[in-house]
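For clarity, chains are labelled A, B and C in written order, and residue numbers in each chain start from 1.
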Amino acid sequence: MAVELTVAEVRHVARLARLELSAEESVHVAGQLSAILDHVEAVRALDLEGIPATSHPLELVNVLRADEVRPCLTREEVLGGAPAVEDGRFAVPRILGETP
Amino acid sequence: MSGAGGPRPGAEGLSDAASIASRVRSGELRAADVAEQVLGDVESRDAELHCFNLVTGEAMRAAAAEVDRLVATGADPGPLAGVPVALKDNLCTKGVPTTCSSRMLEGWSPPYDATVVRRLVAAGALVVGKTNLDEFAMGSSTENSAFGPTRNPWDTGRVPGGSSGGSAAAVAAGFAALALGSDTGGSIRQPAALCGVVGIKPTYGLVSRYGLVAFASSLDQVGPFATTVADAALLLETIAGHDEMDSTSLGGPVPRLTEALRSGVDGLRVGVVRDFLADASADCVAAVRNGADVLSRAGASVEDVALPELLHGLSAYYLIAPAEASSNLARYDGVRYGLRVDGEDVEQMNARTRAAGFGPEVRRRIMLGTYVLSAGYYDAYYAQAQRVRTLVARAFARAYEHVDVLLAPTAPSVAFPLGAKTEDPLEMYLADLFTIPSNLAGHPAMSVPFALDGQGLPVGVQVLAPALGEVAMLRAGVALESGATPGARGPVRPGAVV
Amino acid sequence: MSGSPVAAAGDDRLAGWETVVGLEVHCELATATKLFCGCPNRFGAAPNTQVCPVCLGLPGSLPVLNRRAVELAVRVGRALHCTIRPSTFHRKNYFYPDMPKDFQISQYDEPIDVDGYLELPSGRRIGIERAHIEEDTGKTAHLGGGGRIHGADRSLVDYNRAGVPLVEIVSRPDMRGADEARAYVAELRAILVASGVSDGRMEEGSLRVDANVSVRPIGAERFGTRCEVKNLNSLRSLGRAVEHEAARQVALIETGERVVQQTRHWDEVEGRTSAMRSKEEANDYRYFPEPDLVPLAPDEAFVEAAAAGLPLMPADRRARLAALVPHEADGLLPASTADQVATTVDLGLDDLVVAAMACGADARLALARTANEAAQTPEAARRLDPQAFARLVELEASGSLSATQAKAVLAELLAGGGEPEEIARRLGYEALGSGALVDALDAVVAAHPAEWARYLAGEDKVAQLLTGQVMKATKGRANGKAVAAALAARRG
């Protein structure tokens, strides 16, 4: 079965991912993503009932560090790469939504 | 320009790292002369190849002077003393721009060094510069660089592979004896094969990822490029080992890699991954078959193994890697560092910055990854891909009950012409078909330059091993190297092949 | 809804309705460093001076989990009677400028602590669904528009707090009304402070509370639609916000409208909640396992070591204290005594009472003097020598000191320490020693033989006259009860 990502879905995903996308690009990307998802459709169809998920190749557990203070960066190093700084802080345009 | 009348590093290019280090350490060769030769060579030839995003000449000269000073005072300058090394430009270098070949990070200099960089510098290596890559390591041709593609030194009309194409090409061109790359789905091994050099993706966790700009965290691993298997082992030994800054870094001693080189392959059990041969070009298949013969003649036992599950790896990879990438690359939002494109509010600023700062392939993968993690699709895509990951690991485990290492093509074909696959993402993704399973399983694998195709382009053979199976992998690698077609490996001069 | 009477509504408007509350409490852990890096976990430093590549989310940086944070999370679990289990970390993905990586590392479907409870002073148990470890965000200041997010023209971000370790403690919707919600947070705060997990400073944001509030008709089984109320910075605002939100919901329902599930912001100044502006996609957090961290599987040894030295929790201390004081015939504690127990434990004075009892002090009296008098100056009371306190209580219990006198001596003890007998003498209460009382009584009996004879004959009212004479002879320093007792004893 062919996967068809709609332009609306692409625009929703672009919004989630914070990527500005023109209407034209949305159509183009919908086609490309559909093609990729179509390709992985075989994997989606595999019957993997009972096979556990592997989220990581390692079987390590409990990797912990001691609660000891390490040197911080200097203020210059912290703010040196920032596009906009004000009063020792990172300046951003107004925020419309509250923190979720 | 060479010092004290000693032999100059390779007349056709650079000699191997072990020789350079040995001669620098003995005082026979001055590190400063190595630096000057390399910098002069890069200056004259890299404009065409574009291996480097940045050449750090002054720092290299200073490092060389320090090595020479240590040698003069009788102090130990380190195992890689005076060896020119190129760093993929996704490894953080303190005070030195680290771009990931992206407009997003253009001009950004990290305030810290990656662990592997610190270890290299401590070992006396001379950093030549930062090499070009597919933007944020997403690609298989180095054409996705915001700063233009790297060209293959064997044929400048062709790609060097990717994403570590700049590092592979720098070693192939003789600009550096060693280079570091990163391998998420084949990004070291595939360009190594296409550039006729040795490339290793180590066991996941063997080398610290601290300071490697993340693409897909559960798959990424830093590894070496070199012209010889011995050099690659030397570099891997230098950078490997536990790092307290990386929670996924393995403890325990580093395998004695350079010692493995003399062990031979007598009694080694080798399996040829039959399932991969159907999708590879005739030259690539022939190289694998001939490689198996070389190993067999050297005392290894060879059998074909069927591992059809591995072919599902590609699809799983193109769900898992973009998912992790979509999260890893969220931080490029125009707030703290890098590019900002202004907007009315913070969301618009974020979205415009990211649209302008990321190239099309990165944007595509971010959207794909966002989609497969989003509500309602997680189980169908991401969780299913993780189950395939288990399937791949189980398939490998089954094989390694009978064999010590596996042999396979590294890439489906030799280096392809620039632009040949840029229009079709899926076609490009297929370049990683044979390399991806090792990343999914966290296993080591390497590409060894083994043959030349009809056009004189290099063909690599891949050796795969189970987790921490680097010793067996290197034993097979050395044996393959010794049976390789003469001239199948770098360094090369442009125009040396027709 | 502005201008409606809702904002001013109190509990009396909610007749027939039950307010259901569940709380999510974010508690900053009292570690030396942040959750995933070695930057100091310290409040009040100059902006962006407590950051490193890790907590600034620089490319290439990686998190490494702070052992102490895990140990403190284990202590939280123990103190709240949770099961402590293997856990994993996930990434919660959303864009916000106060999050350096634009995702938050948090525990999602496998938290470290599950299924516990907290016992309120009232004896009610509030279920704890889970407590999980996560990292804090930075702080955003809004410029222009009066410092509020709406109307601001730009914002400034400080990442000093980014990466500070938190546990989020999620209760079950077991609380009924604002008072109980407040009592829960007060109790939880006491537990966290006692466990050494947190400094408990709500005003510095060490403890932050979100309330899930719903209403239902009394007797109904099904929960109503809930709203989450944020920005509750004190117990007072929690109480007010719950009352207001419940009233708002009741008013909606009673006018035939529906409560819409949403997140609401409490405005302390205006005294009302308002719907937060949120994006429609805001809840698609795209959780997935954090690949840069490995699972946490604390074994028994780790858990025991982490929980070692955990003191008795307030509920246990209340139970311990209550067990020491006399109960009513029905086996219950009088309500006033229960209050005294709660106050004493709340102020950390229960050890004083218990120690005084061990020295022989009367239990009920020791508790009363602690909860009523010593509690006025809890700092000084915690420094009180239990032996001296015990002797003071005994002086009063034996009648050597009147209640008024005992309180005066206690005040001196609290103010400057010392020996209660000495203070009593200094205050001129030394005549109350039993020897002096006997002497005075002898003199009075000798001087009033007729009255004494009438008393001996059973004329009890004469006792009053005799006592008065004793008081006169002792210049009022005698304890009336003690005199009456001495008279009675002499009569036999």
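Just so it is clear, contacts are C-beta pairs under 8 Å (C-beta built on N, C-alpha and C of every residue); 3 or more make two chains touch, one makes a residue touch a chain.
Note that this is a predicted model, so its numbers are computed, not measured.
Comparing the chain pairs B-C and A-B, the larger number of C-beta pairs in contact belongs to A-B. Among the chains in view, A has its Cα centre nearest the centre of the complete protein Cα set. Spacing of chain A relative to chain C, judged by their CA centroids, is 41 angstrom. Centres computed as Cα averages put chain B at a distance of 58 Å from chain C. One finds 24 Å separating the Cα centroids of chain A and chain B. Among the residues of chain A, those touching two or more other chains are numbered 15-16, 18, 55-56, 58, 60, 63, 65, 73, 78, 90, 92-97. Multi-chain contact residues of chain C, defined as those touching 2 or more other chains: 53, 56, 64-65, 95, 97, 155, 157, 279, 283-284, 286, 288, 291, 293-294. Shared interface positions of chain B, i.e. residues touching 2 or more other chains, are given as 111, 218, 244, 247-248, 326, 330, 333, 335-337, 346-347, 350, 370, 374. Put simply, chain A touches chain B in their complex at residues 5, 9-10, 13-21, 29, 32-33, 35-37, 39-40, 42-44, 46, 48, 51-58, 60, 63, 65, 73, 77-78, 80-84, 90, 92-97. By the touch criterion given at the top, residues 12, 15-16, 18, 55-56, 58, 60-73, 75, 78-79, 86-100 of chain A touch chain C in their complex. Here chain B touches chain C in the complex through residues 90-92, 98, 100, 105, 110-112, 114, 209-214, 216-218, 244-248, 323-324, 326-327, 330-331, 333, 335-337, 346-347, 350, 370, 373-375, 378, 382, going by the rule given at the top. Put simply, chain C touches chain A in their complex at residues 31-33, 37-40, 46-53, 56, 64-70, 86, 94-98, 137, 140-142, 144, 149, 152-159, 230, 263, 265, 276-279, 281-286, 288-289, 291, 293-298, 302.
Residues 108-109, 111, 204-205, 218, 244, 247-248, 250, 312, 315-316, 318-319, 326, 330, 333-340, 342-352, 354-355, 358, 363-364, 366-368, 370-371, 374, 380-381, 383-391, 393, 425-426, 429, 440-443, 467 of chain B touch chain A in their complex.
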